[in-house]
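Pasting the structures here.
Below, chain A partners chain B and then partners chain C, in two separate complexes.
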Partner chain A sequence: MKFTITREQLQEGLIAVASTVPTRTTLPVLSNILVEATADGVRLAGTDLDIAVSTVVPAEIEAEGAVTLPAKKLVEIVRELPSAGIHFSASGEQRVTLECGRSRFKLLGIAPDEFPSFPTVSFDNAWKMTSADIQNLISHVVFAASTEESRPILNGVLWEMREDRMRMVATNGHRLARMDIPVSGGAAAADLIVPPKALEQIRKLFGPADEIEVARSDNHLGFRAGSTHIFTRLIEGPYPNYEQVIPRDNDKVVTVDRQALAAAIRRVGVVASDQTHRVRLSFSSGLVKFSVSTPDLGEAEDEIQATYDGEPLEIGFNATYLLELLKVMPTDEVRFTLKAPERAATMEPVGWDDPASYLCLVMPLRLVD
Partner chain B sequence: MGRIVILPDAVIDQISAGEVVERPASVVKELIENALDAGATAIEIALEAGGKTSITVSDDGTGMDRDDAVLAIDRHATSKIKSASDLIGVATLGFRGEALAAIASVSKFELETAPDEDDASSEATRLIVEGGRLKDVQQTARRRGTTVRVRRLFFNAPARRKFLRTPATETRATVAAVSVLAFMRLDVSFKLTNDGRSLTDAPRVSALGDRIESLFGRSLAEGLIPVDHHAGNVSVRGFIQRPADAKPTGRKAFLFVNGRPFRDPFVVRAAEAGYRATIHPGSRPTMFLSLGVPGDTVDVNVHPSKLEVRFRDRRFVEATVEEAVRRALGPIGAAAVVGPGADWLPEAAAASTVAGAGYPPSSPEGSRGSAPSLFGVERYAPAHAEFFVADGGFLQIFDTYIVMQTPDGLAIVDQHSAHERVLYEATMSQLNGEGAPSQRLLLPLTVDLEPRELEAVEQNRAQLDAIGFEVEDFGGRSVVIHAVPNPHPRFDARRCFEEVVADFARGRFGGWNNQLERFAATYACRAAIKAGQVLEQREIGTLLRRLFGCELPPHDVHGRPTIVQLPREELERRFGRS
Partner chain C sequence: MPTRQVTHRRLLLADADAFYVAVARLVDPDGAGKEPLLIVGGSSKRGVVTSASYETRRYGVRSAMPTAHALRLCPKAVIVPVPREACSQKSREIRKALERFSPAVEPASIDEFYVDLTGTERLYHESLAATAARIRAAVLESTKLTVSIGGGTSRLIAKLAAEEAKRRRAGDKPGVHIVPPGGEEEFVGRLDLAQIPMIGPKFQERLARYGMRTVRDALRHDVGVLEEWFGKRGGHWLYNRIRGIDTGPVEARIRSKSISHEETFFDDLTEDDDLNREVLRLAVRVAADMRRKGFLARTVTVKIRDGDFTTRQAGHTFPQPVSADRPIVETAHRLLRKLRRARRTSARLLGVAVSQLSEARDPSQLALFEESSEGDLETDHDRTLARMVDGINVKFGRGGLRRASELRGGER
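Up next, the complex of A and B:
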């Protein structure tokens, strides 16, 4: 293996791949990046076995071949090198020399055949979409997925592909986020349950202008944009029937300024219990009142203006959940709909100039008097 | 006529002996008390065959001259009071003047005594008495002090002699009696032998902890927590056993009031009540408690053996003891220590020598009373918050223990036990009416149960509801849970519910009498984060903050410690810096 590559191009490729490399692993080869000189350029690849990323960067290839090199050291070396051509040459499978100007490095690698093979996913019948659409879905939904390990299915994000729309849903059983984006000429319908970590990689690696192809094999999902591929395993199993828990008869509707609502919750939340973060919201004509009372700590009260003309209602929430929703709400005003103190509340953006439709749902905390 | 006669003195002495002298241990006790009242600083007790063959008690106190010695073996002969008015506020151990006469009347008795050497007329006297009859008075030579030898106890009262147990049993009783007295007077050395074998060797010490160590060994002494509490005019000091060391058997309970030993199952029970929810039900913690109460609120002259006392306000005394124990368990200092704890024990012990105010007046100054440095309570009393530094810098090891720095060293916290303590206290206040916030579920949980478990749900429905489980029967063997508690972000509601219900169905924690406490303990155990759970720094910070906000941070609800301390002194000792 022998090739020359510019520092900038190598660095760009390494940044894409290195974020997948696990910091701690029991399998030494996973700490390495696969460097493969092919006719198309240099292919760089990294994986933690759950997610795999590969990308091809242009280079002057003199001899094809492959090695794996320690990711951390390779990234650090390339970062410190001057902006010039870097010459790679391998003697055997495990010894690599890097030369750049007057700098010379010799690195020991691990044989490339120990590197895990990537899942085979055919992109023939791929769904095609813009990166902007995926980013939109990811940034509004993924936060709601569960991080607690008792129900693995809720650790994933449901991605529904339909002919006219795609939808992402995530919930931890206490709150839920759902977003629809209309598509035209979509391919086959499918329900995919995707690990949030993979979606996070998608968000980081693909620019908003990229055209992305998404394809699935049995239990893997592949993303392709240009010469960069991301693969992830899928979570198996039926996703809970979320449709039936989304309330349709919430008759109390409050419109309120997002920033003001978040600020008030943060303020009174200071004295909320570490354990439950419970705040109490009372809605009355034109007004939302906030109160918090924590034994052994103290109390707080606050209020803000709101558009509301329904019956007075008092309801408790986990402040953390509300703040998470408000953080991702895309508009200055939000609409809260409620029914009763023990029923689900929904939150939607008001006046969003986006074809997408977005709904969040949060279950109340029971109030004890 | 002639049917009623005045009993001869010898018979009266024997009857009286029945009250004062029942076995070798009581002889030893009476003789030691006499020695202490004579100002002895070293007392040696030698038994043969557990005291059945002979008992010898020697002291170095003020002896008697010949005339006094002869008088001493008469009934109601005493140097300790002179008139009835002296009875009020009596400060000596004995005062009834019965003991020597009673003992002498039922044994072959020898007394050797010498008054102070600096007394010009000093000479030693030796009396020989048999069955209460003075046989001989001789002049002899000995140094200051008194030696009493009691041979063939009850030789003339075969009925009583029959009731003596085996030498081993009698020896044990004597060891216990000597121990009680040894706790009262740290400034006196005690040696006890049986058939030449040493049973107790307690040198003079200045701290109760040292005496406990010499009587019961180092491992017991190291597992003790200092107690120092007063409320109203009642004070409670001493030591109690760490909950983690308490066992169902082999407990030692030593109680003193104003320096006198007493027995009182209710006070012991009050102390145990203070251990509530820190020990396994059925464990019996060891305790050494010294109560100080004003002399006019306690009556010690209830019985000749003086082991029972009457308190004027018994309920308040018991409440104070319970509170004292509770408070002693709270400070972080009550947590188990790595390495020899003796480094801090004597310091603590100095603060809590047993003898109460003013007893006995003849005792030498300096050995008791003043407390050089109050280690335990005062240093730790202002909440436990001082341990808490920030939301970071904690080390989690084996995904189970948290290591943190404290002002005095390292604390190692068991995350599960710690969280269990936190949740137990929170749950108790929720069950007592504070109520718990309960998270409604978007996707209700359906749980299948066995019949026994369904019954357990029914029995505990009120408590389940109070802590936040909203459970509805679903028909058949299933229940639906609509809302769950949310004690921490990693809480697995289904698993917790199933485990709690299974625990109740299988009768786990059956030993808890109080149903609420039992429920809280079960729930706390099941809801707490488990060992092996990786925690973020912020979560660890929250857990520790809440732990140190608890009433009893160092103990979980099953009698295990939540915290183990590695004191700085121990580190310095190991690195050779001390």
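Up next, the complex of A and C:
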């Protein structure tokens, strides 16, 4: 294997691949990046066995071949090199020399046949979409997925493909986010449960203008844009019946300034319990009052104006959940709908000029005194 | 403008000398009390030394050593069982005596207590060494037990100084050693890395690979180098540790992170029925303890030590915290089956622990999805039953009411 590549090209490729390389692993070859000189350029690949990323960067190839090199060291070396051509040459399968100007490195690798093979996913009947649409879904929904190991299914994000729309749903069992984006000429319907870590890679690696192809095999999902591929393991379903828990008869509707609401919750939240983050909200005509009372610590009260003309209602929430929702709400005003102190509340953007539709819901905390 | 003196923390570690031995002698002054070669611990063939008198230590007898081995080293030694009740009682008495000097007393184990005396300079008008000496005298008077006391500006220094105090005590000097503020680096610099708490055999091996055996060896490297070798956290930790830097506070009330019980068996158990019964007994005890302390738990862990000393464990985390016996017992049984499937061999020890504790009075977060389909969560019926059994056992003592399947052969 022998090739010459510019530092910038190599660094761009490494950045894409290195974030998948696990920091700790029991399988040493996973700490390495596969560097493969092919007729099309240099293919770089990394995987943690859940997610695999590969990309091809242009290079002047003198002799084809493959090696694997320690990801961390390779990234560090390339970062320190001057902006010039880097010449790679391998002697055997495990020894590689890097030369750049007057700098010279010899690195020891692991034989490429130990590197795990990538999942086989056929892109023949792929769904086609813009990266901007996926990014929109990811940035509004993924945060709501569970990070606890108790219900593995909730660690995933449900991605529904339909003829006229795609939808993402995530929940941790206490709060939920759901977003729909209309599509035209969508291909086959499917329900996919995707690990959030993979979606995070999609968000990082694909630019908003990229056209992305998405395809699945039995156990894997593949993303392709240009010469970059991302593969992820799928989580096996079934996903809980979320439709059933979305309230349809919430008759109390509050419209409120997003920033003002978040600021008030943050303020009173300072004295909320570290365990429950419980904040009490009291809705009355034109007003939301906030109060917190934590034994051994103290109390706080606050209020802001809101558009509300329903019956007075008191309800408790985990302040962290509310703040997370408010952070991702895309508009200056939000609509809160409620029914009763122990029933789910919904939150939606008001006046969003986006064809997407977006709904979050959050379960209250029981107010026991 | 008046110059303000920098105030240093003033922490002590009071460590009872040969605690179990001393208590055993107090409990039985005519028996154990007259026996210089005394070992406290299990006397069965599986027993281990809990504590050995200073006289027996001269023969090489150490805590945690199998009793059989200890007897080979010191054949004349007399073994007495651990006086558990008396030990807990004495431990509480020591704590009480210490609390007369400062409200910030944190038990580190049954016979070790951190005492924070920061801010008492003006109250006591004396050096830390003088206060420590008064504390020793007060503990001796009220408990008849001697303690060695180490002092310094951090928990780490106090702990190391207490060990120094013990070494000195062996030479019949008063058991107090105080490291003055600013003297930390020099004090720690005299030690081997192995003497620093939390630098265990594995870490020592790694340190040795870089040619470091003593603290002085390690002091030569700057923080960047140590971080390069042992990772950002590990390197930084080591850098501070060997300079005696430790900012951990002394906490009078520590929130428990887990509650557990374990049992080493007289003979290794091989039958599923026996193991199931023991796991049941342990799980029921853990669940009752947890409720008594006012906690709920989300995680149940079962630990098994095989006949060849391989220790394995398996855990399960519930989506919501539980407190009743049923989900905890069922999960413990399931985890035991899992461990037995992985390796079917004799067991010398079983343990059950609950963790991810939350306080039972926390207002509960309502859930979106019905949890009942999960099957492993508790019902109101389970909770009521547990409350009733707890009530009966408070009235009639532990084991007042229990399941027939908890009974061992011969018990009625």
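Just so it is clear, the second predicted complex is superposed on the first by the 369 of 369 C-alpha atoms of A that agree within 3 Å, B and C clash if a C-alpha of one lies under 4 Å from a C-alpha of the other, contacts with A are read in each partner's own complex, and residues count from 1 in each chain.
Basically, contacts are C-beta pairs under 8 Å (C-beta built on N, C-alpha and C of every residue); 3 or more make two chains touch, one makes a residue touch a chain.
None of the values given here were measured: they were computed from a predicted structure.
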Should chain B and chain C be called a clash or a fit once both complexes are overlaid on chain A? clash
If we overlay the two complexes on their shared chain A, which of chain B and chain C does A:Q201 touch? Say first, second, both or neither. neither
Determine, under the contact definition given at the top, whether A:E148 touches first (chain B), second (chain C), both, or neither. both
Touching A:Q135, do we find chain B (first), chain C (second), both, or neither? neither
Report for A:T68: first if it touches chain B alone, second if chain C alone, otherwise both or neither. neither
Contact-wise, after the overlay, does A:D274 reach chain B, chain C, both or neither (first, second, both, neither)? first
Looking at the overlay, does A:T55 come into contact with chain B only (first), chain C only (second), both, or neither? neither
Is A:S31 touching the first partner chain B, the second partner chain C, both, or neither of them? neither
Looking at the overlay, what does A:G316 touch: chain B (first), chain C (second), both, or neither? both
Among 78-86, 150-158 or 222-230, chain C is struck only by the chain B stretch 222-230
Would you please give the residues of chain A that touch chain B in one complex and also touch chain C in the other complex? 148-150, 171, 173-176, 240, 242, 245, 275-276, 278, 316, 318, 342, 344, 361, 363-368
The chain A residues in contact with chain B across the complex are 147-150, 171, 173-176, 240, 242, 245, 274-276, 278, 295-296, 316, 318, 342-344, 361, 363-369
Within their complex, state which residues of chain C touch chain A. 298, 317-319, 358-359, 362-369
Sites on chain B touched by chain A in the complex: 426, 429, 434-443, 468, 470, 483, 486-495, 542, 545-546, 549
Quick check: in the complex, which residue numbers of chain A touch chain C? 148-151, 171, 173-176, 240-242, 245, 273, 275-276, 278, 316, 318, 342, 344, 361, 363-368
